[in-house]
C-alpha cells in the first residue's frame, strides 16, 4: 500500500505539490491526469525517493520513504518506475539492460538474471531482440524494454510517467497493450497518462491534478462522465 | 531570356540531366514539377553557374553561363536564387544579411544598401525584424528574408527551389503569397515546387521533369487537366 | 677558414659550462665568471676580437659546436679518442683529478663503496662514461645521467644519489660553497688524470694550431699559473706535459 | 651535395638498443595512461561529489596539469618531491610526471563527456535501486569512456611524445634517453635523432591505428 | 621558506627568460597561424586526396616529440647544410611549423563547420570566392576554431620550455641558471610554475567561456 499524507514540495519559490493526500491499496490501478506542470511527474519521483519532499509523509508498505533510516536502494526495488523519456542504457544490449540491476542490486547470478530478463522480455514481446543494442529499437520497443527492466526486479508497485507521450502515434498502442496486460495481472500501478480512453478502460480510480493540488479523484466513469471540479471539466473539454 | 540548349550533366556515373532544351522569355513564370531526384535542383544550379555542365549551352540574356570568359559573379547578380534549405547568414542581422552582397558585390554605399534592404524587407513583410538575428526568425520568415536578400540585388530573374518544402504547413502560405506577389509584379521566375495548386494558379507554363528529361511542358490548364505523358499522369495521380 | 672568419667578424663565440665552478659559474649579477671564462677572454684578446660567452651544458657543448652556434668550446673538455672522431682538440690546457663525492647519508668512505649504490654524473662527460662502465662491470647498483652538473649535485644533496664522481676542483668548490648541505668528498677516483683541451671543428687546422700555441704561451707567460691562483687557489697548477711521449 | 659526412652505419648499429628503448617508451606510455585514466576518473568523481574539499583538490590538479609545461611537471616530481625526501627513480619520476599530466587532461575530457550524458540515465539507474556508485560505474562511466575515446587516443599519443622529457630526470632507458646517451658519445646527432624520429613516428601511428581497431571492437552500440 | 637570496638582478634574469618565452611563443604562434590558415584552406580546397602529401608532412610535426624536432632541425640546418642560424631562429622556425601543423587541422575543422548551403547562397548572390571566405566563412569558422586556437597558443607557450635544447635561454632555463647559483630549487621552480600558470590559466578559462557562449547560439 502506498500512503501519501499531506505532501508538499517546492522547487525554489515554485510550490509544485501543495499538500497531496492519497492512498493506493495493493492491486489498484490508479491513473493520474492533469495539465502540464501540474506536478504529476514530481509526485512519482517523490514516491520512490528520487526527489526529497518538504513536508508530509510517504509510506510504502508502511516504510517511510523520506525517513533518514530508510534504505532507499532497497525500497526502490519494490517500486518500478518507467519515464517518459526513453532511458535505455545505450552501451548494453537489451538483455544486459534488463540484467544489470538484478546482478548489481539483487546480487542474482548471471544465469538467474539472464533467465529472468529473458522471461520479462518475452512477456513484453521482445523475445527476439535480446542481443540487440537499444539504438536499434523503435521508441515503443525501448519503452517496453524499460518496463521489462523494471519488472525484472520483481517490484510490488509500478509507476508509469507518460510512457507513451514521446512515441509516434502508431507505436502508442503496443505500449498501452503491455500496460493493460500488467493491469490485468493484478499489478499495483500508478499511471500518469494523457490517453483518456486508456485511463477509462483500465483504471480503478482516476486522479486529476491541477496546479499542485489533487482536485478530484474518483472511479473513471464518475470522473469522466460527471466531473465535479470546474477545472477538470475544462480540461476534459480541451482533450476531447 | 534564359535559353537552355541540350544541356547534359552527370554526377560521376549518374546522368542527372539528359539533354534539356528550354527557353524562358522575360516576364514568364515557369513552374517545374517532378519526382525526387529528377534533376530539378541541378538544373537551377546550372543556370546560375554554381554547377558546371558536361555539354550543351545555357544563355542568360545572350551570355553563355559556362563560357570561360564569363564573369560569373557579375552574371549571378542578374539571377536571384532561393533554396529549399534556409540559409540565412547566422552572424548577421536580417538587415545586414540583405545588405552584405549589395555592399560587397554591387559596391553600393552602406546607406544606399541599407535603404534598399529595408525596402525589400518591408516588401516581403519583414519590416519589423530588421535588427533581429536570423535564429530568432521562423522558417517562413527566414525564407522571406532569403527572397528579399536576392531581390535586393535587383535581379532580372528569380529561381526558387522548393522554397516551402522545409516549412511547417502553417508557414507555407506566407511564403507562397510572397511568390504570388512577385509573379504579379512581372518578375521572370522559375519555381521548382510541389505545391500544385500554386503552380496552376501563378504559372504561365509548367514543366514536368522525369529522370533527367523534361517530359512535358505546357500551360497549367493543359498540363494538369490533359496530361499527355504517362509518367506525368502517374505523378499527378499520386500527388492529388 | 674559421680563424679568418673569427678575425673578420671581430667576435669569438665560446661555449662555456657555467654550472662548473671554479671553471665556469655565474657571479651575483649572473655574469659568467671562472677559469674557462677568463681563458676564453684571453684567447679572444690574443685574436684581437671580443669574446662572447655562450652557456651550454656538458652534453650540449659538442652539438653546439657542430651546429655552428659557437666557434670553440672552452669547456673543460676531456680529450678522448671517441670525441676526436668528431671534433678537433688542442693540446691540454688543464688537467683534473676526479673525486668521489658522496651524500653523507650514504656513508661511503672509499670509491669501492660505490659498488651497488645509486650513482650519477653529468650525461656524456668523461667521468660519466667511466662511471657507467664501472656500474656495468660491477653488475649491481644504478647509474643516472643527469643533464647538467647542477642537477647532479642537487640530486646528491637531496639524497637521491649516493655518490658521484666529479672533478676535484669542482667538487671542492661545491662542497665549500655550502649550497649543497650534506655532501662531502670521500676519496679520489682511480682514474688516469683527466686532460682537458679546447675544441673546435675537426677540420679547422689553422685554428687548432693557433690554440696550441696560445696554450703554450699561457703557460710560458705565467698566465696559466695566475688564473690557477685566481680560481683554484694556492698550490701547483697541474703539469700539462706528459713525460715519455710526444704530442 | 652535402659536405657533411653521414655515418648511417654507425647509427644503425645502435638500432637494437634504440628499439629496446622504444619498448620502454611504450611501457611508460601505457602505464601512465592506465594510471592517468584511473586518477582522472577519481578526479571526476571528486568534482561530482559536491564535497568542496575534494573538488578543490581535483580542480587544482587539473589546472596545474593543464597550465604548466609537462617538462616542469616532470622536473618537479623528481627534484620537487626530492626536496621533501621523497626519492623517485628516473623511471618512476617520468612515469608519475606523465601520469599526472594525463590525469589532468583526461579529467577535463571526462567532464566534457559527462555533459553529453543525460541525467535521466542516472535517474533510471537509481530508480532500479542502484546506489549512486553503482549507477556511476555501470551506467555513466562506460558511456563517458566511449565519448572520451578519441581524446584518450590523443592523450596516449601525447604520453608517447612526453617520454622524451625524461632526460631531465636522468632517464636513460627510454627511446629518447638511449638516443641522447648514444649522441653524447658519438655526436652523430642528425643520424641518431633521425632514426629516433622515425621510430617515434611509427609508434604514434601504431597507437592511433590500434586505437581505431580497439574502438571498433569495444563500442558496438 | 621565503628568506631567499634572490636579488633584483635575478628577478631581471627571470623576467628576461619570461620575455624570451613570450617572444618565441608570439613569433611562432603568429607565423604558425598564418601558415596554418594557408595550409588549412588549401587542404580544404583541394580535397583530402590531393592534400595527402601535405597532410602527411604536417602530421609528422604532430607525431614526433618536439625536443627531437628541435634537435634534428638544428643538426640538419647547421651541421648538415652548414647554414648560419642562431638557436633562436631554429627554435622559432620549428615551433612555427609545429604550430602550423595543429593550426591547419583547426582551420580545416572550422571551415568544414560552415554549412555548404550558406556558401552556395553567398556565391549565388554574386560574391566571389574571396568575398565568401572573408564575409561568411571567416566569421563563422572563427567561432568554432577560436577556442581550440587559444588552447593551441597556450600549448605552444608551454612547449616553448623545450627550446633550451638549442641554446635559447627562456624561462625554465633562466630558472635553472638561478637554481645552479642559489640552490633554492623549490622556491625558484615555484616562481617559474606560477608564471606559466598566471598567463595560461586566465586565457584558458576565457577560451572555455567563449566556447560555451558560442556553442549556445
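Going in written order, the chains are labelled A, B, C, D and E, and every chain counts its residues from 1.
Methods note: a residue touches a chain if its C-beta (ideal position, glycine included) is under 8 Å from a C-beta of that chain, and two chains touch if they have at least 3 such contacts.
In UniProt terms the chains read A, B = Glutamine transport ATP-binding protein GlnQ; D, E = Inner membrane amino-acid ABC transporter permease protein YecS.
From a predicted model like this one, the values you see are computed outputs, not experimental measurements.
Minimum number of contact steps separating subunit A from subunit C: 2. Chains touching both subunit A and subunit D: none. Fitting subunit A to subunit B on C-alpha positions gives a rotation angle of 175 degrees, to the nearest 5. Distance from the centre of subunit A peaks at C, each centre being the average of the chain's Cα atoms. Across the two candidate interfaces, C-E and D-E, the one carrying more C-beta contacts is D-E. Taking each chain's centre as the average of its CA atoms, subunit D and subunit E sit 21 Å apart.
The mean-CA centres of subunit C and subunit D are about 37 angstrom from one another, to the nearest whole unit. Subunit A and subunit E have Cα centroids lying 55 Å from one another.
Centre-to-centre, using mean CA coordinates, subunit B is 46 Å away from subunit E.
Counting only residues that touch two or more partner chains, subunit D has 79, 83, 189.
Residue numbers of subunit C whose C-beta contacts span two or more other chains: 63, 66, 154. Among the residues of subunit B, none is found touching two or more other chains.
Across the whole structure, chains are in contact as follows: A-D, B-E, C-D, C-E, D-E. Of all residues in subunit C, only 18-19, 25-26, 28-30, 54-56, 60, 63-64, 66-69, 148, 150, 154, 157, 179-180 touch subunit E in the complex they form. Residues 2-4, 63-64, 66-72, 75-76, 79-80, 83, 157, 161-165, 176, 189-190, 193-194, 196-197, 200-201, 204-205 of subunit D are the ones touching subunit E in the complex. On the side of subunit A, the complex with subunit D involves touching residues 45, 48, 50, 73-77, 79-81, 83, 85, 87, 89-92, 100-101, 104-106, 133-135, 146, 149-150, 153. The residues of subunit D lying in touch with subunit C in their complex are 78-79, 82-83, 85, 87, 89-90, 167-170, 172, 180-181, 183-187, 189. The residues of subunit C lying in touch with subunit D in their complex are 59, 62-63, 66, 82-83, 85-87, 120, 123-124, 129, 142-147, 151, 154-155, 158-160.
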